[in-house]
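Remarks on the structure that follows.
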């Protein structure tokens, strides 16, 4: 299922670096994402995974590096640029605003305004349409949250993560980027979240996912990129590795240059 | 008491006005009328206008206003006129046809006394004026009284806004005495400001070379004059002011003829006559 | 573990039901009734204790007197919800008052032009507060503390040596009596309420106040929005200043001092969070009415201003305590 | 990824090396030198521009004038580090001034007794602030805003109708001249610095300000400690008030107004975080000296108070901007 | 190794409930901890694990319930009470103050004051002794952190967790309670942390550990208690269960009353 024939590369990040003064959080990392695949990024705490993702999606100003979409160079300097390019990201610990309802959270930054003058001039919101779209989406994704008017903080960790992931289906036209979507989730909630990740593929998305869970890499991903000390140390097809190899690559006991 | 009058003075954090209020209260008691003191604790024109409106709503029989700012009351006075509640202005005139009586020391004239006194005591040099808050009429009148006299006599004048803040008066005095050796006299537009200037001059050991004049005639300043520290202050006769204001408003209520202007003299107090006022 | 319906405690002032306008209004009212009840109670106490308090004029005058600070507080509500803070509104108030005074008394401009330029001045100073924060990343407390000091100096310089009083009759109509200020207050509150609950920019205030970083990552232009909220704060301060100048019929740079604190007090008495993300404008108005009722009531009973101060201080703490206690109790 | 030594940016004012006292002092100095350099630069500018500025007297008077507010700001530093906020110190200042004035001028108590009772009054009002917060869980901003209003009322009531002036010579010594206030200022700063860095309660201020919940779970008695920090704030406000009353030789309830804002400004100019957990007292003193140098320098050059205000407003923002910028740049 | 002969029960929590208004976060849960064992607590997100631990350690006021230590009833109403009773807890997400150095963090709330009058009267701290004790401890536990003066926030997640765990050895005279000690840790850091947990036993501590990682339960724990919807649904010896059984117990597909 991974690459039928010649895999088309949808996203390419070349020579991405992010330095904080003397600290090289990531240093000259290049990765590519193939159409329809789930690419895992793994690595120790502090290896630079979140930083890499943030640099790619414009959430952080990168020190250097270039992004190509479908082979064409694109400028991505802000989250808005990334969204415009069809990338939707769920950031680690930064998915929802506690104080907003589910509807307002999902549509945050991309609210639907009314079609009348109130909407055009004052930006009056069309809650009816937004609520309806969310109900449709949740049904499609089998997310069972009835009370979409309630504040996000009153929902469980699993429900919150499901809501965050649903945003990628709603808006991610092509690419979904997920930073530890199952951290701090329980067994059941993790499974729910990973099933959602899998269904992203069915909705036509290519996925980059950061995780610390090797089981998830082996069960749900197509390829895996390993970061070590801010540098890319290996990229492998998941079918070519097992858990021990992965751990070895992450901790550096297996020493290889990027494939 | 069958008659009820409202009184709103400048503020309750000011010795001069406490004197006016006490005198008004005493006079009212003497004459058998109830006096409601609606003065705000710090000078606030809006609060005072609200107080006047409130008095009108309460249906008092007469109102005495010691205006924080005399321009605030047109609408209120129209209402008072409509309800037939007479109004007496004290200390600060209010230009409105309904105000049939004004009991006042003219700040400009009284400060002129201070200015003349300063001019008579120094020859040459600069006069430092410590002012109230910017754009405040009473402060401006007092400033101008001294300023006109001093400039007419050819003195240089420095004016500094201090917002009626004592600490500012102290520090301004220190800073100017140190940076400008020409200063010969200091006028504080409020007595605590003058007292702060005395402390500052004393600090620098320059008290003996300076003429420091205040305004109000507060007890602390009288004591200071007696001790030959502060040179002079201008006392407004606040006891008479309070008493005359009450008398006039009661007269108006009873439909009697009262003078449109009851002048209260400003009195220059120096070490020569301070004993009379203690 | 039973399923929870704990949401009520957290969404007190954020209307959650967006389905119908009536529902929303009912919802709003349900959230407000307790504060309204407190207001009514306080009113009744004075009604019983003080005979002269029992007139319609008194009631109207409470509204009239509260209205100017309430308008200012509407702006403060928006700024606080968005996680900002504006200590400089009192000084903006002073500058606008002086500017309008100069335009009217010195340049004899038509009232509408003077008022318009006055409002613009407020908006501009608000924008300056916002831009400085966004550009320098200096915290709101500091930027607006600087503004508090600096704008006051500006007002003084503008006013110095000028007599700014006795404005055209037409202008005096704005702030005189109770009707016009009250009307403007309700208008401002309604518009602010609609803005906060129904528009995109208004909703973003809650998002930015709730979690600025999430809002930014979600594609909200946080910097631009913030500047708008401060502009609204400046606009409301300017509106209040114009009404006060009209009411007093003179302008002075010392006006507006400490108004920012009163406004913040009213906002938090009304239940808006100091830390952003939650709140609403309806209760801000009631908060201001509560403060004003107490001030007026105590004054009617012949209680001096010093004691009024103590009462107001106590009420500020009590009101928020009541809110804290209510939320914990559920 | 190279190993980081980014700690320097975060520990600017928390001495980290505890090994030797000399090391600690050196460390402190390294952290302070930039702020000191700014102070020196500003001083030099006025030195060049204004001939009368060039005297030792002037230098001393800057210290003397800064000292009272600097003492107040030392207390504010402690409160802010612990994640608190005290808007009421200006009003505590007013109450203490009036109380000491009454004790001296009316009851003719011995100076040491009057001063002692004055300090106690400050501590008690600070304790009240702390206790109210801890018991009611109302945020510091609100409790001390209530205190700001209420204590001012108390000061007015206490002072009303009284002449509080002409204190014993012995008392006047306290605040007169530059030497004694300066000496007290450095003493207070040294003690506060030692308290913050060397004692258990002082260290807990950083912990509570950094993460109150972690501190609580670690067994720190957060409530009790908080009350202590507010008591220290009250004590410093009282010390400052006593010095000012002594200096001016009369007491008035209108004193202290807005001093809380000046103190907060000095503290943040010095680099202490408004949000708790970080900071130190050394730079607070320099922050206050910077503000005072500018005020005095401008006054020497004959610049009016309104422009001084604008300059101070700008300096507050600039100083914090510089700090923000420096941290980002690393 | 688990229970030699009759296992002695060191801690017993009986009928613990914590209600938030109508919400029963935990409801009448009783568990016991045997001397020298590692007891795992597992369950879905929101099952009440953290609440249970906080109720036991006095971090939350419990609605009802009693605690017994060595068979004797003890009152534990605050974290200080728990510490006095020899329990040391590492709470989820609430382990360290970012702004404090490692030394100050480890000793927070239990600082060593100088023996002289400065210490007795002013609470002057004895940094020299504290630093020395920490170096000794870190050596003993093989924690490699040299710069104990640096602020906690400049350390990696793994290092931070190691510091937090070291507190239990330093102060936990008898019982260590750990809430998700490996959440958000990478593979290597997780292993480091779990090795530390194992060594707690060697230092004579009994351990309660909340985790979402079934592998950790199976590899490092002696018994496991399962919480479901605020109630205790099962307690098992780890040697009697496998991963699938555990997942079944957690999600409720295997329905049993507590053993």
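In this document, chain identifiers A, B, C, D and E correspond to the written order of the chains, with residue numbering beginning at 1 in each.
In this section, contacts are C-beta pairs under 8 Å (C-beta built on N, C-alpha and C of every residue); 3 or more make two chains touch, one makes a residue touch a chain.
Fair warning: this is a prediction, and the values are worked out from it, not measured in the lab.
The set of chains in contact with chain B as well as chain C comprises D. The chain with its CA mean position farthest from that of chain A is B. As a whole-number value, the distance joining the C-alpha centres of chain A and chain D reads 48 Å.
Look at where the CA atoms of chain C average out and do the same for chain D: the two points lie 30 Å apart.
Per-chain CA centroids place chain B at a distance of 35 Å from chain D. Inter-chain centre distance (chain A to chain B, centres taken as mean C-alpha positions): 72 Å. Multi-chain contact residues, meaning those touching two or more other chains, occur in chain E at positions 46-47. Across the assembly, chain D contributes residues 4, 6, 153, 156, 160, 305-306 that each touch 2 or more other chains.
In chain B, 12, 41-42, 134, 161 are the positions where the chain touches two or more neighbouring chains simultaneously. Here chain B touches chain D in the complex through residues 12-13, 15, 18, 22, 41-42, 134, 158, 160-162, 164-168, 170-172, 174-176, 178-181, 192, 195-196, 198-199, 202-203, 218-220, 223-224, going by the rule given at the top.
Interface of chain C with chain D (complex): residues 87, 132, 136-139, 141-143, 145-154, 156-157, 160, 261, 264-265, 268, 274, 304-310, 312-317, 320-321, 324-325, 328. Chain contact summary for the complex, chain C toward chain A: residues 4, 6-7, 10-11, 14, 16-19, 195, 198-201, 203-204, 206-207, 209-211, 213-221, 277-278. Within the complex formed with chain D, the chain E residues making contact are 59, 78-80, 83, 89, 91, 94-101, 103-104, 108-111, 113, 122-125, 127-128, 131, 147, 149-151, 153-154. Those residues of chain A that touch chain E in the complex are listed here as 42-47, 156-158, 180, 183-190, 212, 214, 246-247, 250-251.
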